[in-house]
Amino acid sequence: MDLTLLLDKIILDVEDKGARGTVADYIPALARVDPSHFGMAIAELDGTVHGVGDWQHPFSIQSMSKVFTLALVLAQADGADVWRRVGREPSGDPFNSLVQLEHEDGIPRNPFINAGALVVTDELARYGDAADELLTFLRTESGDPGLTVDAEVAASEAEHADRNRALAYFMAAYGNIRHPVPEVLDQYVRQCSIAMSCGDLARSALFLARHGIRNDGSRFIGQSEAKRINAVMLTCGTYDAAGQFAYRVGLPAKSGVGGGILAIVPGRCAVCVWSPGLDKRGNSVAGATALARFTTMTGWSIF
Amino acid sequence: MDLTLLLDKIILDVEDKGARGTVADYIPALARVDPSHFGMAIAELDGTVHGVGDWQHPFSIQSMSKVFTLALVLAQADGADVWRRVGREPSGDPFNSLVQLEHEDGIPRNPFINAGALVVTDELARYGDAADELLTFLRTESGDPGLTVDAEVAASEAEHADRNRALAYFMAAYGNIRHPVPEVLDQYVRQCSIAMSCGDLARSALFLARHGIRNDGSRFIGQSEAKRINAVMLTCGTYDAAGQFAYRVGLPAKSGVGGGILAIVPGRCAVCVWSPGLDKRGNSVAGATALARFTTMTGWSIF
Amino acid sequence: MDLTLLLDKIILDVEDKGARGTVADYIPALARVDPSHFGMAIAELDGTVHGVGDWQHPFSIQSMSKVFTLALVLAQADGADVWRRVGREPSGDPFNSLVQLEHEDGIPRNPFINAGALVVTDELARYGDAADELLTFLRTESGDPGLTVDAEVAASEAEHADRNRALAYFMAAYGNIRHPVPEVLDQYVRQCSIAMSCGDLARSALFLARHGIRNDGSRFIGQSEAKRINAVMLTCGTYDAAGQFAYRVGLPAKSGVGGGILAIVPGRCAVCVWSPGLDKRGNSVAGATALARFTTMTGWSIF
Amino acid sequence: MDLTLLLDKIILDVEDKGARGTVADYIPALARVDPSHFGMAIAELDGTVHGVGDWQHPFSIQSMSKVFTLALVLAQADGADVWRRVGREPSGDPFNSLVQLEHEDGIPRNPFINAGALVVTDELARYGDAADELLTFLRTESGDPGLTVDAEVAASEAEHADRNRALAYFMAAYGNIRHPVPEVLDQYVRQCSIAMSCGDLARSALFLARHGIRNDGSRFIGQSEAKRINAVMLTCGTYDAAGQFAYRVGLPAKSGVGGGILAIVPGRCAVCVWSPGLDKRGNSVAGATALARFTTMTGWSIF
């Protein structure tokens, strides 16, 4: 299949659709991103990357970081211990809900809602600064040593983090955040504020398409662990629209409020799409459309 | 791969495990089933069926019927209209919850929780008696004209249906059950009370592995529809353990409180396993173990 | 205090206010009531009744019936057993909520939400038809032998009772409705459909102002029981606006969607006000205003 | 009525009862209080105080402080503005619940749950340090200039305040906490940690029995405001047992996890009882029993 040709068709289809949702506006640095951006990149197993549109334009990875921090924890010798502190079930509620936390004794439903990602960060902090660990990994996998935290976004996120701060203190009250909350929050905010392009993200996520093997051929996580991260992405990766996303696109995916969506075709490729306009559930409108086109045209839905 | 040999290994592994959960006891007819039963069948795309243990022993299909009634509705010309009356998201709550219904104006989260299946039955009732429609389909696909409703189970279910009756009247109050509640409930109870064996169930579900093609080669539902049913099975098919099941087994599946679990390997085969002992979430303990062994040994997880 | 003069002032104040809420429209027989009605009656301990406006005009008592059926149950030798089946706490949720029932094993929060009143009716049905028992009591206390169920309202209520039917079947699933649901529902619907005037209602409720003594001087319920019914009225009598009502009016009260509100001044009098326009929580707008004026002018708030 | 004699009878009755609940153990300073303490004081309108048992022994006032800070806010010229930021309805959920806050946009249900009291503290902080304002008021009303914050309790509370910190940050995310969270929390913790005796508390609360008049005869808050605080105490003052408390005792009351309960007999007296053993809802077991005896023996229930 000619993936470059495929991307050319997809961008045309997406541009035909017009309406593109609303750019996240809870912090100024995200609110002023131009909503007309659209980029998409496909990284093949051998590392070849095909791109279209703004595929080399960096944007805020936000919640897509959660896939990588989870993998970094699971890559540790006793990484699976994290599952004692966070579940694997869809939340059935908006992504920053406290309701479920209260009903379930401070154990978040899954690692891709904010509460769960805070626990993962707290766990990763046992081995070093979580944002630094993540940056090191992403620089190596993407091959771009210049990747960095967007300091303005990070500062702005930190200023608007009262809800995440509430989540963290609430879990601390249950003993499920162990480092000091301000430290955990700082590491969390910085990892969300890393700026990357679709191309870099697709390359960095190839280990999930290769069942655990990094770009240099070394094993990062076990085959089963890689498959299981894909499973969690499918059931929990797109907030409370995961069922709808599985129905429509049929691929493990993780979205972020920066407008990015990362999707995995196991054994074939990693895909990243970016368009800043979001639907009311926080997923990129044009990004979801592009991925739906992608699986329809390729037949690569996992179902 | 020698599937007969594989099944022989799986049954030995499962027998080694010992503990097998608790048989459903809300009706006498289910409560007195011997918990030591175990059967498993794999139906290949060409219709060949491999079985082990009690794979030819009929049992109550219960909620596995929901997959087939959903397909029967979607096979209608305007079948997709059902999605206006039922969602596709995991419920995040136990399978017979009214909480969510009340918060979401009588629209059930998905077609595999009881409320959603009642809506599907109500929709199928537009075309005839839902249980009769289902029986006709299952007899044809399984090749067993003797399949029938277990009248004792059906009578017992009807006597213990107050909670489902409450669900139906509650949705009727929102206009989301349209036929008289007693009729819908009768059809629902009878379809759940059909008795079938693992072998018959696996053969009957092959259309999902063949992306919509029935055993006689005719098209039943569209390719996309088949993939989408698989997606809903993966995200919603095992009650509020769907995330855990996807993580551990990695296949679209639907369980029933009779102890059966039906799983699909798209493009390869349909699998049915039966063991009456359930975990606290209503899924067969030995059945889930057997399917986890199955994907580990074959590598056929969709992830 | 000249209560007739007081009533004259209140009706003028209320007429000045203008806006009057929305008439209940879930059944036609209620929807076509003229919203401009306003009546108010005060019954003194000696049985003297003062009235103003439409105080002799009969209307549908609806949920005000719940005070009397609770008292009729508590008047039985083992009446206090009802508290094993229903709580005494405010619900904190809309009056027909199923959420709470599900979280608390089929035990309704209090006897004045619909679920709780269905349990009270089921309990009263041990001694005879609940609606007939209620009618007998109300005819005697009001002195009006012509009081009767409005057959049209009752028929209409029965047709629109799917939500109450759901509540009843749901509690039946927990064993907390013991008579057949259709019978309980029939008795419940008829008791809500009794038509009475403000004057008759105020006279009939005097036993609560007299700490348990009926109009003929005989004891109906114990002094403590009477005080306790008043306490439940204060904390639970006006749906999920009970706190606001206590704050504003400061009297034990029970409202109905027919637009009536019954209030008790312990040791002094019983008051009934009627105006069909409701606020969004189901309480009469002009009725609440009139009662707020009443306590401000008399200083008879219990606080 | 001879109140001294009455108190003598009550303490005997309470001692007869035996079982006394469990001392609050979330902080060491509270956990080591001797559970056998029992004290009770009645302050008459003229300031006369009658006491029995440990009525002069200081203990941690905890949530009883919430009555006084609410009154201090309402005593301000624009005090009623606080009702835009906090409701007046019973919560129907445990006293530190976040669930309700999330469903209702950061507006707590009432000023006596922790979230609501944090809002009241934040409002009072407009006029000065809330704990200092409270101390000044309590010293004057009690006539005890030595009243002070128990520094050890305050330090311990601050160490265990993660849940309250979560509540405060959560409301800050909705704009409903306006001062910096650490400041609000500090003032909140200190006001809860004031140590007082039953006698001092009863004297300090007399303004609620006198409809707004302080011990020096000056007006503190309006008559209506005083009645309304009593109404909020009745519907919301004893956590999620307010309905049960109204039913059993029949007086406006506010309890604290230090084991104190403050109750008001409007127009007659203020009562304070203390015994450290709590029931599972956080109310003093012997305290509630003593107040139930008090209203039974005096007939002074407001109902």
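Note that the chains are named A, B, C and D in the order they appear, and that numbering of residues resets to 1 at the start of each chain.
Criterion: a contact is a pair of C-beta atoms (placed from the backbone, for glycine too) under 8 Å apart; a residue touches a chain by one contact, two chains touch by 3 or more.
What you see is a predicted model, and the numbers here were worked out from it, not measured in a lab.
Undergrad: Listed by label, which chains are in contact with subunit A and with subunit C?
TA: In this structure, the chains that contact subunit C and also subunit A are B, D.
Undergrad: Quick check: how many Å separate the C-alpha centres of subunit A and subunit B?
TA: Centre-to-centre distance between subunit A and subunit B: 32 Å.
Undergrad: Where the CA atoms of subunit A average out and where those of subunit D average out, how many Å apart are those spots?
TA: Averaging C-alpha atoms per chain gives centres 47 Å apart.
Undergrad: Roughly how far is subunit B from subunit D, centre to centre by C-alpha average, rounded to an integer in Å?
TA: That gives a centre separation of 55 Å.
Undergrad: Considering subunit D alone, which of its residues make contact with at least two other chains?
TA: As it turns out, subunit D has no residue touching two or more other chains.
Undergrad: For this structure, give each pair of chains that are touching.
TA: According to the stated criterion, the contacting chain pairs are A-B, A-D, B-C, C-D.
Undergrad: Residues of subunit C touching subunit B in their complex?
TA: 97-99, 101-103, 162-163, 165-170, 172-173, 181
Undergrad: In their complex, what parts of subunit D are in touch with subunit C?
TA: My answer: residues 87-93, 100, 109-110, 224, 226-228, 230-232, 234-236, 240-244, 246-248, 250, 252, 266, 296, 301-303.
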